[in-house]
């Protein structure tokens, strides 16, 4: 890696629209703006949390980053390579260096493949002809076994099938698969939300250990602010395809500026019995993505909304000099 | 490095886990009825295999000598001839047993043909969508718009007596006759169902996260289709096929009635076709024999197919 | 909705074209020449030439304005299929004549099978695993395994001839309601197995759903849950099966019609097959396909009526 | 469940009511009307005599149309008498010119095609028109073989029609030298060479006169609208279902024959002698193609006559060959008569293996157990054939049995196979027997043959195909050997001899592609001879030549068994005649009694 | 906790599933009670048997393969396990109502939400169609659906998840049941909507005075909403307590582990304390205390490995099933085992 100032991933005004087709000729009559002008940067070795409710576009961002979904506009630069215009070998490299960890530990592993095949397959795909000899099956198995023990599974599990594992173990397999190509960056898409409480903490610890060990860069997508706080250095809060607030973890949790972030924080039920009955109810629902509200998209649910909020889209601006605390709200 | 290899070689010898198939089959093994059905199916298959071997190596066994005269004409079932004799004094039992070969051969090749066409087409259409999909869907919608029985008949009528030059495959010129026509006709028409099934399944699985995962680390499309998707949808094909097999056997019966089936050797279809004329004379045994033969294999395949579906059902597994 | 229907109608054009292409390829290109059969005893080469000219078989196959394929398309679109070579009758007359009798047999048969099998299927699906279920499934498979012909021969011999409950055969003095009864009954009995099995699977899939639990949690009775909540949800596969079966009703039943002398299209088909009258088979195939395409459209419209989740987009 | 059943029964009732309401065109029964019911075993293809080639259509059309001559209903051997002709033809001495007077006062049945709807009188031109129509190549008649190369100028007329663009363009007024009308009631036919069998063909349905008005009026639809001069006319035709004929009120009048063959008086065939025919008002013919329902209908008394289905033979006839007790209790009568038919396995004499190997052909001939075949496949309704001329013909040779090559003898067959191998020079290749028909009977017969040949040490493959394919195969000489037969069109053995004439080789009727100069010489000689004992002698000589060469395995001559109920009178089987319903009489009281009998026995 | 304050008491309930692979004891000896007007939370990880307990109360366990093998469910003085199907139908949806985790699949997709609610009202209250319809609209308004006149005619798929859950609640409370069983009512919903739904439930509870049996895996929700809590682990209740007491001083090692392993807002740990191992499968339960393989004490304690501790009241209103819970030894049975296996270290309550 070059200097610490370098950003491993830069996302600039990324837009991903899905066309709505209607009528006799299936003409495009509009777009669902799943991701609508998202910008963020991730420093090497840091963890960025992407938080929001379901449907806010955070998963689409993840998929667009790997070009699993075509982007409509914007720029994504990963390690000095423009992802969106990358040619085939470049894309191959990018897909080797960015790994994905998925939410659903059941759906994300091919039920007909053994653990060894699942974890080893990326190796097989990315072994160039010259290195074929080295990357033989034996080598592959060796590497898979090492990784399995690293993620807390026994290498003896190598010939087992996913359905023989519990949810937490499967998530470990998914993590092993993400690590096998020694990526620079891992995108975690809600890695713990489908897991049991007692397992969640195990997986979170594992991810944290791995980050420490390999110095990995993470984009961590979640809806649970508590989990994000534990894991992330910086947090971006998304609402309806846009980032509404972005700041360092500490700043955000201590001084949330955007009313949506505040509402999210308030909505999390706390185990501390002292919190009982303190929370404010937060009204309204997420509007339809087909017909988003004008102006600030949060205004129909916002207690502070004014005329300006209804008319104009607030830009994501830094609040206070050099704080790195960005917020998109007319009232702040 | 060397030591690593040894270690990994040891790893490779670790006991294999149970695949979903193994798991399903293990579950299946506990169902006595299903195992009984499997035994019945196996018996039919073994019988067919035996007849093939016997014919190839010219073993003199009674089944292949079905045209031997074993009694007087139209002898009702007795201890000597359990299923009676026909108009030439041929053994009903031997004919019924031999019929298994014809029927199973028809059903087997029909399955092979319909799988060979339906599976790749369905997989490619379901995975790539777009123009390829439109074309495949067009083809199968067209074919399925034509009433099935008419289509089968049309194919059978048209194929009958045609010759195909398979010189390139080293088979010389093959004349389509008898059962060849039958299974070609059935196979060439029934791939549509399998294609549609595969396409729907592939479309369903295509959006599963494991496929997305494979794409995310750069799997090629063909690899995804054949390494990831096919193993996951194939059990559905197998289950479907076990039920379809029955309809193939029955199609042979109908085609025989319409004069398009096997002529020279006994098949169940031919036997039923013959027996329908003999029934009014009170010669019920030939009809009964063929019907029972079909009944048992149908029942076995149906029950087994159901059991297979249950034991491979992912819904039942995850809970 | 209009837009939807128009688009679906447009979509049928390539399908119809495909059907015509298939029938043409099958019956005109691959099937070969029937000139000799038309010519009869001791026909000369000239006679054969004349026959080929008469039926248009001397024209180029595809690439010409007057090609056989073009005429095939033209005839199909105008429903003018010409005359059958085996008896020189207009093919369209044959079809018109046969449709009525076929329907008078197949409609009661179809409705009977449908109502019985759906009702039974609901009950059997609810009793899954119960002995009743096992027995019914076994009976279904038995019913499916017994050849159709056996049902016919048995029914005709005992119910009609021996016990004289039904007429043996079509007879000019009888009303159709009379002579159609037995074949329809046989058709129902023979078809019940397969249908019941199919609907049982459909119902089973439906009964496993969460909303059934909700309905029971509301305190509804089994009957209300089955015949109201489950049945309406099961309508999609049922409609598919039912509406797409309707076009086949026009084609009648090959065997029943022949054995009971019902002069329908099934009978016509058997004759045409026997005589290798490909034009008749081709025309029937085409008409069957057209009906199928039309009813496919109707199915889709029915979906929207039954299931609010499906819209016309 | 109760609800489901209720719904079901309601739905069922509604449908039945709908169905019942929509089509109720069954005839209204008039108690005085005498109706005859029969079954057709094949569909009627069309009722245009010019294009009729199948027996079922002929049987129906012959009730409506008449020819110049017909067979005497009762006399045996079969003898021609006049129908539309006034008397038998006057033949010129050279045997080339036939002058035929036509009955006066014969009218076509009333039809819309005629002016005012009333049928006009029959004229000689109607015959000429009908025959020219058959010659018209655009009409595509199956019956051109009747006139092909026979009549002066008719072939030229056919040539002319080839130049026309369509059927409508053909000018029927164009003269044909050999077909002229001296006046409205005298027809003159000039032949190219003597042909004594022409009179038989003038009793053949395709030569029936046609009114040009009808052809012009109905166009191609004439197949559905027969306009004839016969005793019945078409009332209703539900194609593919049933046909109703009614008495033609304008029928010129004909009487039941007054004398018959020996024994006819005793059998009651002369009870109606001299009565005006027809004696039936209406004929209903229902198409029943499957055997079981037809047999049930007969036993229920719905139809009057029936053959005996192979599978119900034992039910009707006991081992001694007489009616069973059950049949007698039902007052069912059995009529047995010889068919003018011969069935054989024909060899393609141009085939490399068979054509040059007489021992092989003889071996095959000796291998077939004809008696067993007759027993298995016809229930003994057949006689072993030694030659091809059936016993009912005058030319039948009682000595032929001594001449034949084909008595069943497997031992001899095996020896002959050895000889055949010597002739062939090695092991014989596998022979292929082509069989028409893919149905059960064909398949069983095939199995039977295979067993016979296997016993003789011959390996034969059976190739089943449908009739069109079979025909095609024979026409193109590509069948090696084949199962076929011939039913005579008229009671003259010449009809059989032509099958062996070398110039008739495929695609002509000589399917054997048999060629023997000696035979050809005799045949050419016979062809122009009028009937005489010498000619009969020549027929027999020709047959012996053929039998010696063994171009076919002659199997059997058919014997027909027909059952009829006792309310059908004057049922005398006839091998050649078609429109015979006019002679029958129905006793409705007896029919009612049978219904009673059935009811009582139940 | 006097008897007359109880609306529902479940005593020694055991529900087993008889499958091909063996008997799955999904619920074993579960006892708890729900106070009138109170909220009782059953909390536990997936597969611990909490949903089956709820279905058993409703008598909706799919049968076969499931069966209530023993126990009593006393509701308003009647033992539900002894009732006939017909009587049970009168209770379901009327006296006890239930809402489920997935509102999308739990609502019948082909009927309007109105007709589904009205169906229950007509069934249990014998109202005619018009009055039931009016009630339905009123119910929708009550559960906070704007424009109920309009929405009553909509189909479930036309609504968002939160709305659907509101409809489910409306359907459940339409007959004013005295007990509402809420089986993971908010799991499928977004955080902000979760809070709304829980608030709604609380508000309805106050209005109607009904009791709620809340089934969830989210300890945060329990802490905020429940009066009493039963913690389930591997088909048994391992700790039963008043809510505040439970969260201030968890007694069972499992409860302790759970609470500690949660990431909390405002607390910045380097690592999360965890419970090692994984949840056992119902067909594969360990012998002895089912938690022992994951328990810091039980892992090397013979007694824990061989004998399963019973749920026992250790303090006023607090029951625990752990040999090493404080005050657990005040029992004769305990003494017996102590003499056999020896005394072990005490489980501290503050580690």
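Per-chain residue numbering starts at 1, and chain names A, B, C, D and E are given in the order in which the chains are listed.
To be clear about the criterion, a residue touches a chain if its C-beta (ideal position, glycine included) is under 8 Å from a C-beta of that chain, and two chains touch if they have at least 3 such contacts.
Computed from a predicted model, the values in this text were never measured in an experiment.
S.K.: From chain D, how many touching-chain steps at minimum until you land on chain E?
M.R.: So the least number of steps between the two chains is 2.
S.K.: Centre to centre, using CA atoms, which chain is the farthest one from chain A?
M.R.: Relative to chain A, the chain whose C-alpha centre sits farthest away is D.
S.K.: Count the C-beta pairs in contact for B-D and for A-B, then report the pair with the higher count.
M.R.: Looking at contacts between chains, A-B has the larger number.
S.K.: Report the inter-centroid distance (CA atoms only) between chain B and chain C in whole Å.
M.R.: The computed centroid separation for chain B versus chain C comes out at 24 Å.
S.K.: Go ahead and note the Å separation of the Cα centroids belonging to chain B and chain E.
M.R.: Roughly 50 Å separates the two chain centres.
S.K.: Find the geometric centre of each of chain A and chain D from their Cα atoms only, then give the gap between the two centres in Å, rounded to an integer.
M.R.: It comes to 88 Å between the two C-alpha centres.
S.K.: Give the residues of chain A that touch two or more other chains, as numbers and ranges in rising order.
M.R.: If we look for residues of chain A contacting two or more partner chains, we find none.
S.K.: Of all residues in chain C, which are in touch with two or more distinct other chains?
M.R.: Each of 153, 157, 274, 276 in chain C touches at least two other chains.
S.K.: At least two other chains touched by the same residue of chain B: list those residues.
M.R.: 259, 273, 276, 280
S.K.: Any idea which chain C residues touch chain E in the complex?
M.R.: 129, 209-211, 213-221, 229, 232-233, 235, 306-309
S.K.: Touching residues of chain B toward chain C in the complex: what are they?
M.R.: 138-139, 141-147, 149-151, 153-155, 157-159, 162, 246, 250, 253-254, 257-259, 272-273, 276, 279-280, 287, 290-291, 294-295, 298-299, 302-303, 306, 315
S.K.: Chain B touches which residues of chain D in the complex?
M.R.: That would be residues 291-292, 295, 309-312, 314-315, 376, 437-441, 443-444, 446-448, 450-451, 454, 461-466, 469 of chain D.
S.K.: Mind listing the chain E positions that touch chain C in their complex?
M.R.: Residues in contact with chain C: 58, 60, 64, 89-94, 97-98, 100, 102, 105-112, 119-120, 123-124, 155, 157-158, 168, 171.
S.K.: Over in the complex, which chain E residues touch chain B? Could you list them?
M.R.: Those residues of chain E that touch chain B are 20-21.
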